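Note that chain A is present in both complexes that follow, paired respectively with chain B and with chain C.
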Partner chain A sequence: MDTVAALDVAAVRADFPILDQRVDGKPLVYLDNAASSQKPRQVIEAISAYYMTDHANVHRGVHELARRATEAYEGARERIARWANAESADEIVWTRGASEALNLAAFTLGQSRVGAGDEIVVSDMEHHSNLVPWQLLAARNGAVLRHVELTSDGRLDLDSLASLLGPRTRVVALPHVSNALGTINPVARIGRMVREKSSAAYVLDGAQGAPHLPLDMAELGCDLYAFSAHKMCGPTGIGALWGRSALLAELPPYQGGGEMIAHVYRDHSTWTTPPHKFEAGTPNIAGAVGMQAAAEYLDDLGMAAVHRHESSLVGRALALLSEVDGLRILGPTAPEDRAGVIPFVVDDAPAQDIATILDAEGIAVRAGHHCAQLVLDRFGLPATVRASFYLYNTPDEVDRLAEGVRLAVSMLRQ
Partner chain B sequence: MTGAETTREVRQAVIGDHFRRPRNRGPLVRASATGQADNPACGDVVQVWARVQDGKVAEATFDGRGCLLSQAAASMVTVAVQGKTVDTVARLRREFAQGLQPNGPGLPPELGDLRALEGVGRFPSRIRCAVLAFDAFAEALESGED
Partner chain C sequence: MELEQLEKRLAGLSDRTLRYHYIIQLGRRLPPMPPELKNGDTMVRGCMSPAWLSGGLDESEPPALRFVGDSESVIVKGLFAILAGVFNGKTPEEALAIDLSDVFDRLGLGEALSPNRRNGFYSMVEQIRRAAASLASETALGSGA
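What follows is the complex of A and B.
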C-alpha cells in the first residue's frame, strides 16, 4: 500500500519566489541544490518576522523581548529535534552548519578519545568537511587516518571497512549521502559493523542526507550526526550536530565564551550541560528560527514524499542522460540507491565548459571537484558536472537539462 | 545575424580551433625555463616550457589537461610569447589579466588569438581558466632569469 502523498510541485514552486525568473531570457532551471537549496517564502518571512517583532539576546534577560527570543531559539531546537526524530532537544547542538558540526566533533573527540597511534576511519567518498577536520586531528594527536575504499559503482566497499575496524579504531566518520556521487550509504548496517568490531564513536556527515531523506536518529545508529539548514530550504549560517546524550555529556567544550559556562573563577571555569556547553557566544537566533520554518515546511509536505519526488526525477535524468553519446554517470545505477545528485562526464567535452554552456541556457549546475577530491582521484577524473535536484524541480526541467547537455556536447565537439 | 553574434561566433571558432588543434604542444627539449599552474577547483593543469635566447623567447610549448578555455588559452599563449622579451611577456600577462575583467580595458592586438577570450569576463569564475597558462609562463620566465 502506498501511503505517501504525491508532491504538488506547482504549489511548491509558488512558495519559492527566486525560481520565477529568467536567465539570458530563458526560464531559470536551478539544479545546484546539493550546493545550496532555495528558500520558500515561509522561511524568509519567519526570519523577517523574528527581526521585526521579537529580537533580543537570548537567555538571562528578564524583559519581554529577551523572553520571546529565548522561546523562539529554544523552541526551534525542539522543533528540529522532533523533525529529526531525536529523543530530546538537548541532543541538538546549534552550529554554523555541517562543517562546523564536524569540526566540533573532531575537536572534542580528539580531546576525549583519540591519542597517539589511535585510528580514525574515513572514506574516499568524503566531502572535505568530513576529511580535513580529521586530518587536522590526526596531525595534532599523532593518530592515523584509514580510508574505506570505493567500489567501481561509487559505493563504500564494506569489506574494506570491515578490514579497517579494530580495537584501535576510535572514530568512524562517513557520509550519509555522497555529495559527489549521490550514493545513499547503508549507514544503519555500517553502525552495526562498527559496534561489533570496535568501540569507536560513529559520526555521520548528514549534509546531503538530512535535506532529502526521512530522519530517525535511533534508526541511523550513529553517535553524532551533522547537518546544515541551507541545504534543506533554511538560511545559511546555521546547522546542527545531533549527539547521543551520553556522548555529549562526555565531550569537553568546543569554544569558550558566554553561554557555555556554569561558574567562572580567575583561573578556571566550569561548564554548563549540553547542548549549551557547546554554544559559546550569542548564537544565530534568526537562523534557528529560519531552520525551524524550513523543517516545518518539509514536514508539512512529508520527507517521504520529498524523497519519492526526487527519486522519480533521478530515474528520468538517468534514462535521458545515458542516451547522450559518450556520457558517463558516476555512482550507483539503481535510482533507489541514490539521492537527487547526478554527477557525469562526457568524452571530449570538459565539465566546466558544459556547465558554462548550460548557464547560457538558464540551467544552473556545478562543475569541478565538489569539495570531494578523493572521489575524483578514485575515478581518475579532473572534474565532473553535477546536476542535483530538490522538491521544486520538475520533469520538464530534467528534459531541459538533457537538451542542454546535448547542445553543449555538440558545440564542444564541432 | 547581428555584428555581436558574428563576433561571438568567430571568437568561439578561434577558441575551438586552438583546443582541437593545439599549437606547440608537448615538452620542449633544451628548455631554459619551465613552470606549472593548476586550478584545483576545476582540475585544470598546465605545464609550460620556454627556451630564452638573447633575452627573447625563442620557443614556447605547453602540455596539460582540463577545460576548453584553459587548454585553448595555453596554446594561444605559446604563440603570443614567441619572439617577445621577458619584460614584454610580463607586461602582456598583466594586460591580458586586466583586459579580461568585466568592464576591463580590452585586449591589445599584440595578444593575437588570445583576444578571442575577451568575452570570458562575463563568467568571472572562468577567468582563472583563461589566465592559467600565461601565469605559468610569466612565473617560469621570471624565475628563469636569475
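What follows is the complex of A and C.
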C-alpha cells in the first residue's frame, strides 16, 4: 500500500517568505535549488530564537547560557543523526558544509591510509568538491587517481568501476546524486562491489542526495557521507560528515585548536574522541540549530513525499522541455533515475543567453559548468542550463520554465 | 547610434526581456570582428561563452580608442556593441572620465555590469578600462617628453 502522503505545496510555499516576490514585475520562479535552497520561517526563527535567548560558547562554561547553547548544539547533532538514521550522534562531525566534509575526509584518509602508488577512485561525474581534494591528496602522497567513466545517458559505468577496483584501491569517492546530470547513483550496489573487490574506504558526496532522498546510513553502505545544510532548507556555512565509528576513531585530527584535545603538553597533545576530535575552535552553533530545524521541517513533511513531489515535477519538465525544437536533456531518461535536476542545451542558443532571458522572465536557473567540468568535457559541451527543483516548486512553475525556454530560443534563433 | 537615442529606445521598452530582445538585434548588427583578430591573446577570460576583444589607439588626432569584439553569446555581443558605442572615438582621458555604471543604469541594464555575471561582459569592461588607463598614462608621458 502506498503510504506516502502527498505534499501540500501551497502550505509549504507559505513557509518560505522569500518566494513571495516579483522580479522585474514577474513572479519569482526559483529553480536554482541545486546551488542553494531557500529557508522556511521555521529555520529562520530557530536561528533567531537561539541568538535571542540561548547563545554562549559551547562545552566551556558552567553557566546557564553555556549549558543551553551546548544542549542546543549537541541536541542538533542527535537530531541530524536520527534524520540520517545513523547509529549514534558521535558519527556526525560538524563541518562548514559538504566541501569541508570532503576535504576533511581526503586529508585524514591521506594521513592514515593512502601512500605512494596507492589508488583513489573517483568519477567523471564529480562536483569539484569531490575531485580537487583527492587531486591534492594524490599530489601530496604520490597516489594515483582513477576515474570511473560515464555512460552516454549520464550514469556511472559500473563495468568501468569494476575494472578499477583492486588491492591498491584505498579510497572510492563518488557522488550520491550528480549535481550536473541529476543521476541518482546505485550507491548501495556500488558499496557491495567496493567491499568485494577492495578494502577501500567508500566516501559519498551527499550534497545533492541528502536534501532530496530519504537517508539511511545503514542502507547506503558507505563509510563516510558528506552533506550541506544550505541545500536542504538549512543555513549556509554548516554541514556534516557522517562516518562509521570505527573509521572515525582511526582517522587523525583534521585541524588543531580548542575543543579537539584531551590533554596539551609543551611539545605535543593528545586528542579527544570523535566527533569532537575533528571540530577545532568555536563551532557554528547557530548553524547547527538551523540545520536541526531544517531536518525537522523535512521530517515533518516526510522525505519520501518530498522525493515523490520532485519526481512528478521532473517528469513534467522532461515531457515539456523535450518538445522544444533542438533541446537536448542530459542524464538518464527515466524520471525515477534522477533527482530534481534538469540540465539541458539547445542548438543555436548559448546556455548563458537562455539563462539571462529566463532571469528577465523572473525564472532563476543556472548556466555554466556547475563546478563539474569533467561532466561537460565528457559530453563535449562548454556549458549547460540547469533547472533544479525542490519541495516548494509547482507544476505551474515548470510550465513557466518551458514557456520561458521557448521564448528565449525564439529570441536567440531569429 | 548615439547614446541618447539608445537610451530613449530602451526606455520605451517596458521590461527586461524586451530590452534583451533589442540588445540581441544590436549584436546582430555589429560589424564582424576580423577572424585573424580572434586568437588566444584577444580571448576574454572568465567567460562561459567564448568572447574576444581587441583594440587600442587609432591614427586620428588626438588618438582615440578603437575596440572590436565578438562573443558566441548574442547578448554579450549586443552589450559589447553598446560598449563600443560608448568608448570608441574617445581619447583615453575622456574614456576614463565616463561613469559606466551610470550609463548602464540609465539604459536599464545595470545588472549587466554585476561582477557576479561571469558572462565575459564584465571582463570586457575591465579590460577596456585597464587599456584606457595605461594608454592615458603613456600619452601623458609622451607629451611630457
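By our rule, the second predicted complex is superposed on the first by the 414 of 414 C-alpha atoms of A that agree within 3 Å, B and C clash if a C-alpha of one lies under 4 Å from a C-alpha of the other, contacts with A are read in each partner's own complex, and residues count from 1 in each chain.
One rule holds for everything that comes next: contacts are C-beta pairs under 8 Å (C-beta built on N, C-alpha and C of every residue); 3 or more make two chains touch, one makes a residue touch a chain.
Note that the structure is a prediction, hence the values are computed from the model and not measured.
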Request  = Put chain B and chain C onto chain A via the superposition and say whether they clash or fit.
outcome  = clash
Request  = Scan A:24 for contacts with chain B and chain C and give back first, second, both or neither.
outcome  = second
Message = If we overlay the two complexes on their shared chain A, which of chain B and chain C does A:361 touch? Say first, second, both or neither.
response = second
Message = One more residue to check, A:350. First (chain B), second (chain C), both or neither?
response = both
Query = With the two structures laid over each other on chain A, which partner does A:407 touch: chain B (first), chain C (second), both, or neither?
reply = second
Ask   = Of the two partner chains, chain B (first) and chain C (second), which one does A:166 touch, if any: first, second, both, or neither?
value = neither
Task = Check whether A:373 is in contact with chain B, with chain C, with both or with neither, and answer first, second, both or neither.
result = first
Inquiry  = If we overlay the two complexes on their shared chain A, which of chain B and chain C does A:381 touch? Say first, second, both or neither.
reply    = first
Request  = Name the residues of chain A shared by its contacts with chain B and its contacts with chain C.
outcome  = 350-353, 356, 359, 367-369, 382-383, 411-412, 414
Task = Mind listing the chain B positions that touch chain A in their complex?
result = 12, 16, 40-45, 65-69, 123, 126, 129
Query = What part of chain A is in contact with chain C in the complex they form?
reply = 24-26, 350-353, 356-357, 359-361, 367-369, 382-383, 407, 411-412, 414
Query = Which residues, counting only chain A, touch chain B once they are in their complex?
reply = 350-353, 356, 359, 367-369, 373, 376, 381-383, 411-412, 414
Query = Taking the complex as given, what residues does chain C use to touch chain A?
reply = 15-17, 19-21, 24, 48-50, 72-76, 118-119
